[in-house]
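Please find one structure pasted underneath; my questions will follow.
To keep things simple, chains are lettered A, B, C and D as they appear, and every chain counts its residues starting from 1.
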Amino acid sequence: MTDHVQPTPAPISPSAVADRTIWNFARRFLASTQARIGFGLLVLLLFLCLIGPGIVPQDPYDLTQVSFMDSRLAPGSVSSGGYRHWLGTDAQGRDMLSAIVYGLRLSVFVALTATTTAFAIGTVIGLLSGFYGGALDTVIMRIADTQISIPPLLSALVLMATAGPGVGNLILSIIVVYWAYFARLVRASALVERRKEYVDAAICLALPTRRILLRHLLVNCLTPVTVLFTILIARAVLLESTLSFLGIGVPVTQPSLGLLISNGFGEMMSGRYWIALFPGLVLVLFTFVVNLVGDRLRELFNPKLPD
Amino acid sequence: MTVPTLSVQNVCVQFDADGRELTAVDDVSFDVDPGRVLGLVGESGSGKSVTALSIMRLIESPGRITRGNILLNGHDILAVTEEEMRHIRGSRIAMIFQDPMMTLNPVLRIETQLIEGILAHRKMPWRDAWTHARDILGQVGVPSPDERMKAYPHQFSGGMRQRVVIAAAMLHEPDVIVADEATTALDVTTQSQILFEMQRLCSDRRTALIWITHDLSVVAGLAHEVAVMYAGRIVEMGPVDEIIDNSMHPYTRGLMESLPSRNQRGRPLRQIPGTAPSLANIPAGCAFRTRCGRATEICFQQPEVMEPRAGHSSRCHHPVN
Amino acid sequence: MQLDTMSKAPGASSNGAPPPLLQTKGISRVFRQPIDLLERLAVRAGLSNAKEQVVRAVSAVDLTISAGEVVGLVGESGCGKSTLGRMVAGVMPPSSGQLLYKGRPVAGLSARDAAEFALKVQMVFQDPYSSLNPRMRVRDIIGEAPLFHGLTTRTGLTHYVSDVLTQVKLDPSYMDRFPHQFSGGQRQRIGLARAMAVNPELIVCDEAIAALDVSIQAQVLNLFLELRERFRFGYLFISHDIGVVEHISDRVIVMYLGRVVEEARTEDLFARPNHPYTQALLKSVPKIEKRRSSFEAMKGELPSPLNMPTGCPFHTRCPHSMQICKSQIPELTDIAPGHKSACHLNSG
Amino acid sequence: MTIFIIRRLVQSVILLWIVSIIAFLAVYLIGNPVDLIANDMSTPAEREAAMRTLGLDRPLYVQYLTFVGRAVHLDFGTSFMSSLPVSQLIFQRLPATVELTIFSFLISLLGLPLGVFAGLYPKSRLAKFIMSSSILCFSLPSFWIGLMAIMVFSVYLGWLPSTGRGETVSLFGVSFALTWSGLRHLVLPGVVLALFNLALLIRMARNNMLEVISTDFVRFARAKGVSERRVIWVHAMRNIMIPIITIQGAELAQLLTGALVVEQIFGYPGIGRLAIEAINTLDRPVLVAYMMLTVSIFVLVNLIVDILYGIVDPRIRLGGAHD
C-alpha cells in the first residue's frame, strides 16, 4: 500500500489549492518582484516594437530623411534638421534612437517568427514521435540528435554562409537549428505523459487517437515547452544579432541590433562609444527581460529541463 | 523506577506557511522502554512522520520544534548542540525510512554507505569497519554479504534494499530505532520477512523500536504499546490488547471497524465519514469532532488526556467505554 | 443514464445460459527489450553477453468472468496482475491468446462492435493523481466519452454528468473544478464516475483503493459495493490487499510470476488454500487478530521476471519442492468443484 | 560498459560521416570560388584552367570521395586563397583557439561553487545576487560585451591589451602563450567567452543541489550521523555531477564555436578568425576543414563525457544502459 506521506508535510497553502485558471496563474506569476519587472519591461519593449516607427523622429531607412551632414553626432546634439538626437547619430547620419527601435523590431520579429515556427514544427514532430514510437521515432530522434550535436552558431553560420544574408534565410536557419530542441523536449514529455493512467483511460473509453493526442497529451506536454520557448527566444535574439554582427545575418539595408553594433565597432576606438553602446544595451535589456520571465516560468512549472 | 529509553514530552512542531503558524505535531508525549515496541498509527497528515523526524532532530525549515522535551536515557536531546546531536544520530537513535528505493544514494556502493555510518561515530581502521559492516549485513539477512558490499543500490531488490537500510540503522546497536512506514512499499511476503528480522534483532539487542505505520494489523502483531495519532495529536495510547479490544476513542474504534476483516464479507464496511482535515484547517477543540458521531457542544473544547484504566489513555470527551 | 436497459441477472443458470461476459483463452503478454545490431555483433565476437531481455508478464492465462460477478485478482508486485487487467480492459493488446466478449472473439469484431466492447469494459486506476487529466474540468473528464459516443447531447451534458456525480456521491456543483482541487478519495470517485458514464458491464479496478488512507478506503470500497448492487456491474478487482479482496470478491484468482496458480470461490480459497504459494501468502498477511505474533518468514526472494525459474515458477521458494517441479510446469487442474490449483502435489 | 563505449564510437563515426556530407554540400553551394579568384579580364579558358587546378570540374560525388579519402589522412587540400595546405593553416592557428577555449572553460568552472552555494543557501542575499547575475550573464551577447570590455579595460583603463595573442613560446613546434604577455592577452577574450557557461553552471549546480538536498538519501545520510560536509561533498555532489558532466561536454564545443566571435573582436589569431575569413573569401577547403575539425572535437569530447558519465553513474556502468 502506498501511503503518500510526505516526510515533512509541506503545509498546503491556500494558493496551491486554488483554481488553476489563467488569472490565478498570473497572480502567482507576478508574486515575484523579478517577474513583475521582467514582464513589465517585456510588455513595454514589445509595445515599442509595435508602435515604435510611429513615435521615433525618423525612418532610418528612408534616405530622404537621413543626412550625411549629421553623421556621428554625440548624444543630445541637435541636427541640421532641427531634432535633438538623444542617443546621437551613426556614420550615415541616422538617428540612433530611431535606428535602435527599427533594429529591435527586426530582431524581435526574426526571433519570434523563427522560434514560434520551430516550436510548432518541433512540437508536432515530438508529439507524434513520442506517441507512436517505433522506427519513426528512432529516425526522427537520430536526425534531431545530429542536429543538436552541431553547436547552433556553427550550423547557423554555415547555413547563412550558404544561403546568403537576408531576413528570410535568417529565420529559416534559426528554425532549422532550433526545431530539434523542441522536438526532443516534447517527445520526452510525451513519453512521460503517455505512461500516465489518464491516457489509458482515454484509450479505454474508445476515444479516437487524434483526440487523445490533442486534448489529452498535447496540453499536458506544453508546460515545460513554454519555458524552453522563452529561453530559445532569448537565444534566438542573440544568435540573430551575432550572425548580423558577423555580416552574414540581415542585409546591410535593414540593420538589426547586431548590425548596428557591428557598425559601431570601428567607431569605438575613436571614442564614439554611443554607436555600439546603445543598441547593445537595448539588446541586453530585451534578452534579460525575456530570460527573467523564462526563469519565473521555470520556477512555477519546475520542470526538469535541460538548461 | 527505571528511566525509559526514549521519552517524548509535550512536543510541538510548527511550520511557517505564508505567515501562518501551522501545527503539525501538537503536544505529543510517549515513552519507550528497552526492548519494547511502540506502534505509532495514523493516516497521512496525522503528524506521525514529523514526530519521527523530530526525534531525530531532522525537521527541516520552515518547520521547527516549538515546545517540549525529548529525553534519551534521561538526557534532553533538544538541548544539546548540533554537533553533539550528530553523534547521537545513527549511533544512539537510528531511523529507517519509508521508501527503500529512495533511501540509499544511487551512486555510492553499499559498503561506502555502511562504512561512513561507522566511521562517523567511531575511529577505526577502514578494514575493520568493512568487516563490521559486512557482519551486520549478514545478520539482517542479506545473502552472500561479502559480494554484496561492493554492489550499488540499483542491483538490489526492494526488500534487500530495506535490509541494507536496516543494517545501516543497526551499525552501532542504537538504543532506539524509529521506523517510518518501513514496510509500506514492500510486498506482503517481503514485509513479513522484514518484520521477522526486526522483531528478532530488536529483542536480541533490547533495542527500543518505534514503528510508525498506517496499518493497524502490522502494529497488532509487532507492538507492545500503541499510540494512535489524528491531526497532530495522540488521541489514544495504551497496551496493544487494550487498544484493539477496548479502544475508547471513536477514531481508533472507527479505524478498526472499517477493516474488512472486522466486517461481514460482502456487506458494506463500517466507515468514518468525511476526510482528515489538512494542516491549514484543523478544527478547533477536538479535531475529530467533525467526523465523530458522538460529538457534542463540549467537543469544541480541547479534551484533556484521561487515563481511566492504568496505562490506557485517551483524549476524548465521550470515550466509548 | 441508460443503465436500466442492460440489467441482467448475475450468474444466470449455467446450462444453456448465454456465454460468459468475458473470457480469456491462453492470453499472454511478453515485453521485449531487443538488443541492437551492434550488440549482436559484440556477442558474436565474444565481447559481450548481452541477451534480448524478455519479460513474460502474463503467460497463458484462462479467465472467465460472468456478468455481475466480482473476481478478485491477487498477487505480489510484478506477478502480471496489472498487465492482465489492462489486456482485459482493452488498453493493452495481448501478445498471444484470445479475448472473448460474450463468446465472440474481440479481435474479429467489426469496428462498431469493437467500440461497443471497448465501452462495456472500463477501468478504474490506482493513482488518484495521474489517472485524471489535470488540464480538464470534471465535467469534461466524465462527459467527454459519453458525448463523443452519442450517449448524451451537448445540451444534456450537464444533466448527464451531474447524474453520474450523484451516483458516486459527489456534489454535482463541483463539476467545473479541476482534479487538483479534490482529495484523493474524491478523485477516485471521479475516476469511477468516468468509467460508469459509458454504461459498462465490467469494471477493471486496478489497485483502485491502494493509494488511499484507511478511513477513505472503506468509503470507496462501500461505494463499489453499492454501485454493484444498483447497476449489476461485474468487477475484476486487482489488489495486493488480500483482506480487501476477501471482503469484496465472489471468486479469487492468485497469480505468481505471470501465471495463475490457484482459483476458487472466496470462501474455499481462504478456508482451504491449496497451492503452497497461496498458503504462504495468506500466512504473510498481517491480521489484527494475530496479536504479538512472531512473524514467519517465507524463504527466498521473488525471482527476477527476466530470469524466470524453469518448471513451476514457485519451486525456488516452495517448502515442498520436488524433482518434477524443477522441470515441468504444473497444469491448473480442478481439485474440487470450482477450485483449481496448479501444483504437482495434487497429481501425486 | 565495453559495449556502451563501442556503441558510442560507432554513433560518433556515423555522426562525423553525416556532418562531412552536410559540410561538403553546404560549402559547395556557397558559390564558385573561381568567381572570386578570377578577375573580370579572365578568359573562359583561364577560368576553366583554374577550375581544373582546383579540381572543381569533376562531378560532385568524385569531389566528395576525394575529399573523404584525403580527410582521413588529415589532408584537406590547399587553401584557394593562400595556396597553403589547409592542415598547415589550421594547425598553425589551432593552439591559440584551444588555449582560449580551455582557459575560458576553466574560468567558467567558477560557476560550480557559486551555484552550489546558491543551492545550499537559496534564501541568502548573496545567492539571490548570484542568481540574478547569472540571468544577466545569459543575456550578454559576447561580441558586444567584448567590445565594451575593450573600451573599458583597454582603451580607458589601459590595463589589458585588446588585440592579438601576445608573445608565444614554441614547444615541440607548437606555440603556447605561456608568457606574461600571452596570458595578459588571454584574460579579456577568455572571460568574455566564459560568461555564458559560467551562468549555465551556476544555474545547473543550484537547481540540482536544491533538488538533491531534499531527497530521502540525503536525509538518510544525515540520520546516520554523517557530517554535513560529507553529506554535501560526497552524497550531494556525486549526484549533481552526473547531469553537469553531460551538459559540459556539449558546452565545451559551444565554447569552441563561441571562440569564433570572440576571436573576431579581439583580433585573436585562432581558427575561428580563419573560418570567418574563409566564409568571406569562399575558401571552401578551409571552411570544410574547420567544420570537420570542430565537430570532431565535439564528438571526441562527448565520447569522453559519456565514458566519464558511466564512471560516475553506476546505473550506466553496470548494465541497464538504455538510452
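The rule is short, and it goes like this: contacts are C-beta pairs under 8 Å (C-beta built on N, C-alpha and C of every residue); 3 or more make two chains touch, one makes a residue touch a chain.
This one's a predicted model, so the numbers in the text were calculated from it and none came from an experiment.
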Starting at chain B, what is the smallest number of hops through touching chains needed to reach chain C?
1
When contacts are scored as defined above, which chain pair ends up with more C-beta pairs, A-D or C-D?
A-D
Just curious, how far off is chain D from chain A if you go by their C-alpha centres, in Å?
23
Report, in whole Å, the distance between the mean C-alpha point of chain C and the mean C-alpha point of chain D.
54
Could you state the distance in Å from the CA-based centre of chain A to that of chain C?
48
Distance between chain centroids, defined by C-alpha means - chain B, chain D (Å)
53
Multi-partner residues in chain D (2 or more other chains touched) are 216, 219
By the touch definition above, chain C meets two or more other chains at residues 213, 240
I need the residues of chain B touching at least two other chains; which ones are they?
43-44, 60, 97-98, 214-215
Using the touch rule from the top, collect the residues of chain A that touch chain D in their complex.
7, 34, 146, 149-151, 153-154, 157-159, 161-162, 234, 238, 241-242, 245-248, 258, 261-262, 264-265, 268-269, 273, 276-277, 280, 283-284, 287-288, 290-292, 295, 306-307
In the complex, go through chain B and note every residue touching chain C.
43-44, 157, 159-160, 187-193, 195-197, 199, 214-218, 220-222, 224, 240-241, 244, 254-256, 258-263, 265-273, 275-276
In the complex, go through chain A and note every residue touching chain C.
1-4, 17, 19-20, 196-198, 200-207, 211, 215-216, 219-220
What residues of chain C sit close enough to touch chain D in their complex?
33, 36, 38-39, 42, 47-48, 50
List the residues on chain D that touch chain C in their complex, please.
2-3, 6-7, 10, 322
